[in-house]
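Shared between the two complexes below is subunit A, which pairs with subunit B and subunit C, respectively.
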Partner chain A sequence: MAKGDPGVTSRGRRAAPRSKRAAAAGEPELVQLLTPDGERIESALGPDGTEYRVDFTDEEYRGLYRDLVLVRKLDAEATALQRQGELGLWASLLGQEAAQVGSGRALRTQDMAFPTYREHGVLYCRGIDPIMPLGLFRGVDQGGWDPNEFKFNMYTIVIGAQTLHATGYAMGVAMDGKTGSDDGEAVIAYFGDGATSQGDVNEAFVWASVFNAPLVFFCQNNQYAISEPLERQTRVPLYRRAGGFGFPGVRVDGNDVLASYAVTRHALDTARHGQGPSLIEAYTYRMGAHTTSDDPTRYRIASEVEAWRAKDPIARMKAFLTKQQIADESFFTEIDEQAKAESVHLRERVLAMPNPEPVTMFDHVYPNGSPELDEQRAQFTKYMESFEGSAH
Partner chain B sequence: MATETLTLGKALNTGLRKALENDPKVVIMGEDVGKLGGVFRITDGLQKDFGDQRVIDTPLAESGIIGTAVGLAIRGFRPVCEIQFDGFVYPAYDQIVSQVAKMHYRSQGKVRIPMVIRIPYGGGIGAVEHHSESPEAYFSHTAGLKVVTCANPQDGYSMIQQAIASDDPIVFLEPKRRYWEKGQVDVDAPLAEAYPLHAARVARPGTDATVLAYGPMVRTALDAATAAAEDGRELEVIDLRSLSPLDLTSAYESVKRTGRCVVVHEAPGNLGLGAEIAARITEECFYSLESPVLRVTGFDTPYPAARVEEEYLPDLDRVLDAVDRTFGW
Partner chain C sequence: MSRIKEFNLPDLGEGLTEGEILAWLVKVGDVIELNQPIVEVETAKAAVEIPAKWAGQVQAIFHPEGATVEVGTPIIAIDTDPGAGPIEESTTAGLPTPSAASLAAVEIAPEEGMVEPGLIGGAAPGGRTAVLVGYGPRNAPAKRRPRKGVVPTQAAAAPVQAAPVPAPVSPAPVVNGTGRAGGPVLAKPPVRKLAKDLGVDLAALAGSGPLGSITREDVQRAASAPAAAEPLTVAAPAAANFGADREQRIPVKGVRKLTAENMSRSAFTAPHVTEFLTVDVTRAMKALDRLRERREWRDVRVSPLLLVAKAVLLAVKRHPMVNSTWAGDEIVVKDYVNLGIAAATERGLIVPNIKDAGRLSLRELADALTALVQTAKAGRTSPADMSGGTLTITNVGVFGVDTGTPILPPGESAILAFGAVRELPWVHKGKVKPRLVTTLGLSFDHRIIDGELGSKFLRDIGDFLADPEAALLAWT
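Moving on, here comes the complex of A and B:
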């Protein structure tokens, strides 16, 4: 443990009384290990009495900071690419970096993730090239990759559908006998606050519970489902829904990368040991639009956004690193330059993405093919060839 | 060759048992498929012999059945999902159409969903509403799904195994009113030698008119052909078997000989399989046709109350009436 880590000196100290912490955070039962001002909290209690703490080296702290900055920069580059007409759409993760990096870094190599269409930060933490999902948003493919190769399922756009896929996959993990030890496999399902109203998500809760699936439901509550605020989805804090389904739920400060890491690692380890599913509500805020097609000024006020800006996940990490002398200005400059270089590299590769040949639309409809499609493909090819040499 | 006399239901049960024996990755999941053996007993005894990890009683939620089966398939399993009745498949419609059907396509072939969705379908058993529907057109219209239906015990036995062995996602429609009809089944023949899954088959050769049918209507069409023969008219009956893709090769050949074609299905006529089949027959056999292709179908109403379903469902007389009309053109 590095010098300057508050975890060393305060280890073993009991967390502050829950009532006091709740008042300080302004939210009920919010697990937090790093305040918006960059003050380190040694440990925090979850609603079921679980004590959360992290034990990072200085290098690991700096690594988390690097992740946060890189993920934000790449996301900004994608937004810029959309504005310049190079992507058809982009779903920005701005503001949610800590929830994604914290949970993404908590995954072990053998764990499987089922993302929505906004988990670019988790994807990055899985070691996946950030170019991978951009074909989907550029419109040159449908976002196709092998989930088992990357331990990261394809993006899912139908809200909540992937939570059932994650549940089934997790059932398969258990059926394969891959739980019950430190080497066990766990599965994480990402979704948002809006998705909690979907039948599929509630069915996934039921399934995961009765089959005791090794699964972590990771809900990024970013307060809005496009324009609809949380109040339109629920009358109870989302993490408490878990209780009705028979597994634990916890609300974590989703702008706190350390707490997000701690609660996710604990939940994954519980799952991999065969002790069943749990729900994490990462309380955060979507700083940008739902997607580049959205205009959030129509449904939320600037002061609300400003209040959340004060809780920025990167600013608090930078403040912490600075105060604790874990990193200095040259480090921050180096990271900024690395982020810039990676985003330039990403841009170059997006611009180089070729359009697919039209006839490829007929590919891969069925593993075993279809004579009907073969015929359509042949007719289409013949039709296209009829233009060769003409004005078309 | 060891043939046994089996009902369609028992033939399907025997085929499922073979599939469970042959591949440890095959899992059966659905409501009441375990101890009860399914409400039609198609999975009778399988959980007892293969355990509750292979034959899984699920919570009562159809989207959950299909959605979790997608995850199991990504994990490498081959799920065989039972939807209890045709009218209860719709809660799973999104998962089937948006997820199951598209995974292979959008992954550019990297993800296979070798799933079979078994659905007892069709009417004729005097059931209450939502228990007698024919949803085949919804699924046949969806690219990425294949749709097949068996009409007799031999096909039930071999087609269910072929569907499970296929890497394509397949909606497997079982004509519930034919579950108790018996036939000879060769239970020892290798699957590789079975009649191809996605091929139509001439069920009765004839020379005067062609009747195309599938699932529960094959028996009806054959009965009509028997009756027509007594009047000196030979109907060729073709069991389509595969609804997506459609195999109309034998139908084209037949209609070019007979010049007359009648398509029969229980589902409502409007935008049903019969419409697509009639269009294709017309495109392929235009100069051979002596009359338009006629359809004998359920009406464009919700499935009616059981006491009038006999009038709703195509029967021998309505098939013969349509055949007569092709001759009166």
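Moving on, here comes the complex of A and C:
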């Protein structure tokens, strides 16, 4: 979708006024194009004077809404499946749909993404079947999509490690001479606010900066590193960290799918043109638990959650579509029905996932096998056969 | 597939084994939708709502609010097709008790007679070995592997083995591997490796682990078991163990290793002193005989060790300082006596203790001693039984020796060796007479206990054993 390149970027003057609304709220500069009430803001300026705006067709607006709703519904289904014992674990993206759909839709086909374990929305935008990560969380496979086919790397559980992978990959893209034009390649690395305290992420900043890697650091600041609040991660707004490393940083309203799209599209284009890395801090909130093993009521207060509920990314999009008469109730109903059908379909497929043969764990260790591994496989096969009446 | 489906409590966190039912959000008869919240469960990690796995009508709720439920246990039954009329006989067969299939699915053997009152239908599964730390119930009935309940058939098959000794400790290879009726030997791969390294035949062991699986301890026990478990023709098998150089190398493992570590640590950290006292116990032995003759003591095992234990406990009351621990910069004196009894078992030396033995009556002490010895002989002494000892008796007399210089169990300050009771010439009332005599050896930690205190303590034990009745009258 959104092939019409609405991610228009043009350099404005530094003196241009920022979004009044954000300033009035006493929050740091926040690029916002759609308010929580569903009011459109024509354009917004970033801290370096970049002007962000989008110009979507009605169909594209409706498409974004559909993405948001579907991603949320599928995520909720996965959470339910975990509660019902069908998944071992699930990391819900509830509340972060706009940051993920906005940035995910901003990617061009050739761009490469490096996710954490929560980027179900980006995964969806990359065209990967949502069943794919569920195999990983059900423990029946390694979450095996082909990263090269979909330009979407494997989920990375290790906090922040993927930023280094992405940096190396992006440096390789530059060395291959694939940057410097409108069709250039860019790379995006996802991580959270907690990861900014990791050495990996800071090393990635250094390397990406000094090698001018075509990389977008996309930080979803959901306010909590599991239970640790943001004030235990940083004394300055996270996007300002970029300045110290020598590349631009911007904070965007992560619950605003339009602004997330515009800011990411601009940063990607900067990268693909060989202009180096940038940091996007998508200011958002994790409405659910860190994972299904977590109980957020133990470390945050209900009023805070309620305040963020008022900034819900889907509600504001729905309000906007309604006010602008881009969509009506029948459309919303249709989307809800579609989401429900897809989630039921997802559930059925999860329940039907076969348990892998234990011996398949040897299958993808080496591309061409190894004598030692073959021996281990043979031994293990023999061991499994020692079980009487075993179907293994 | 049955239209009645049971929902087993899944592992809601990662590796959790149980959860507490906080609140039921539905009741029997309610019609519910897929993913409708049905119950709040609190685990060690979080309190969460569980959404219904199926749409339908609540048929039964197996656990009340406040109950702690093991992972894998059915908590609710849902009729997934309530519109299809009354439930047929066949589908209700297993209800409202959790069905056998659901129990099999979590590989838990149901325990008979375990009825929790106040529940619908009541029966709860004997879920103390929830092996399913994985991810939820399976859709298909689980493959049946040998379960705990199957183990007895191994015992039944024991006659085919050469020696009808208690199976857990027999290191002798059993040639007839097919003696196991239930199927394969259950043991984790590292345990199999260990058994291979130690030359232990897994098929000859009865497992003490979950589902009758063989544990590391079982293997080590078998490997370190003395030759007593082998056929009585001692010479031949012993010779077989020696190599060409006529030396045998025995891996230091299990109880032997633990014993060695404890003894070395204690011997080289606590400065021991040992004192001896030889006592005429003829009166005490007669007192024991009179005790045995009493009707209410008829079924009680009365041994000289009982009197020694009583003597120690009474003497501790008079000298509490001996019941203490050296803790570096302070001395911890205990008001309770967890009386350790060193026991030679087929696993090796173990020292289980009788908790708070000072509070027990003589009868209770006798029962506790009997239970302790029987448990130790059966190899069922738990780690809890062996921890927390404060003062120990080692009954070396049973081996026919007079006394010894025992080494303190770590953390204790005194240990009494009780030697053999022999009939010896003894000066009694001015004449040499044959009397029953024993020698006591008391080792104590000289950091805490000076010679005077140690001597008085030993003297009191001796006085009691010389004339229990008088000591009792004088001291209590």
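The working rule: the second predicted complex is superposed on the first by the 364 of 392 C-alpha atoms of A that agree within 3 Å, B and C clash if a C-alpha of one lies under 4 Å from a C-alpha of the other, contacts with A are read in each partner's own complex, and residues count from 1 in each chain.
The working rule: a contact is a pair of C-beta atoms (placed from the backbone, for glycine too) under 8 Å apart; a residue touches a chain by one contact, two chains touch by 3 or more.
Keep in mind the model is a prediction, meaning the values are calculated, not measured.
S.K.: Will subunit C clash with subunit B on subunit A after the two structures are superposed, or do they fit?
M.R.: fit
S.K.: Is A:364 in contact with subunit B, with subunit C, with both, or with neither (first, second, both, neither)?
M.R.: first
S.K.: With both complexes superposed on chain A, which partner does A:85 reach: first (subunit B), second (subunit C), both or neither?
M.R.: second
S.K.: For A:279, is the partner it touches subunit B (first), subunit C (second), both, or none of the two (neither)?
M.R.: In the superposition, A:279 touches no partner, neither subunit B nor subunit C.
S.K.: How many degrees apart are subunit B and subunit C as seen from subunit A, counting from C-alpha centres and rounding to the nearest 10?
M.R.: 60
S.K.: I want to verify the contact counts: of subunit B and subunit C, which reaches more residues of subunit A?
M.R.: B
S.K.: Once the shared chain is lined up, is A:372 touching subunit B (first), subunit C (second), both, or neither of them?
M.R.: After superposing on A, A:372 lies in contact with subunit B but is clear of subunit C.
S.K.: Quick check for you: in the superposed arrangement, does A:294 touch first (subunit B), second (subunit C), both or neither?
M.R.: second
S.K.: With the two structures laid over each other on chain A, which partner does A:258 touch: subunit B (first), subunit C (second), both, or neither?
M.R.: Neither partner.
S.K.: Check the residue A:200 against both partner chains and state whether it touches subunit B (first), subunit C (second), both, or neither.
M.R.: Touch status of A:200: first partner only.
S.K.: Report, in whole Å, the shortest distance between any C-alpha atom of subunit B and any C-alpha atom of subunit C after the two complexes are superposed.
M.R.: Once the two complexes are overlaid, subunit B and subunit C approach no closer than 8 Å between C-alpha atoms.
S.K.: Going by the contact rule set out above, which residues of subunit B touch subunit A in the complex?
M.R.: Contacts found on subunit B: 27, 53, 58-59, 61, 63-64, 66-77, 79, 91, 94-95, 98-99, 102-112, 114, 143-144, 146, 166-168, 245-247.
S.K.: Any idea which subunit A residues touch subunit C in the complex?
M.R.: 76-77, 80, 82-89, 138-139, 289, 292-295, 297-298, 344, 351, 383, 386-391
S.K.: Subunit B touches which residues of subunit A in the complex?
M.R.: Interface residues on the subunit A side: 114, 141-149, 153-154, 156, 158, 161, 163-173, 175-176, 199-200, 203-204, 206-207, 210, 363-368, 370-373.
S.K.: Help me check something: in the complex, which residues belonging to subunit C touch subunit A?
M.R.: 7-14, 34-35, 45-51, 53, 134-137, 139, 143, 145, 183-184, 189
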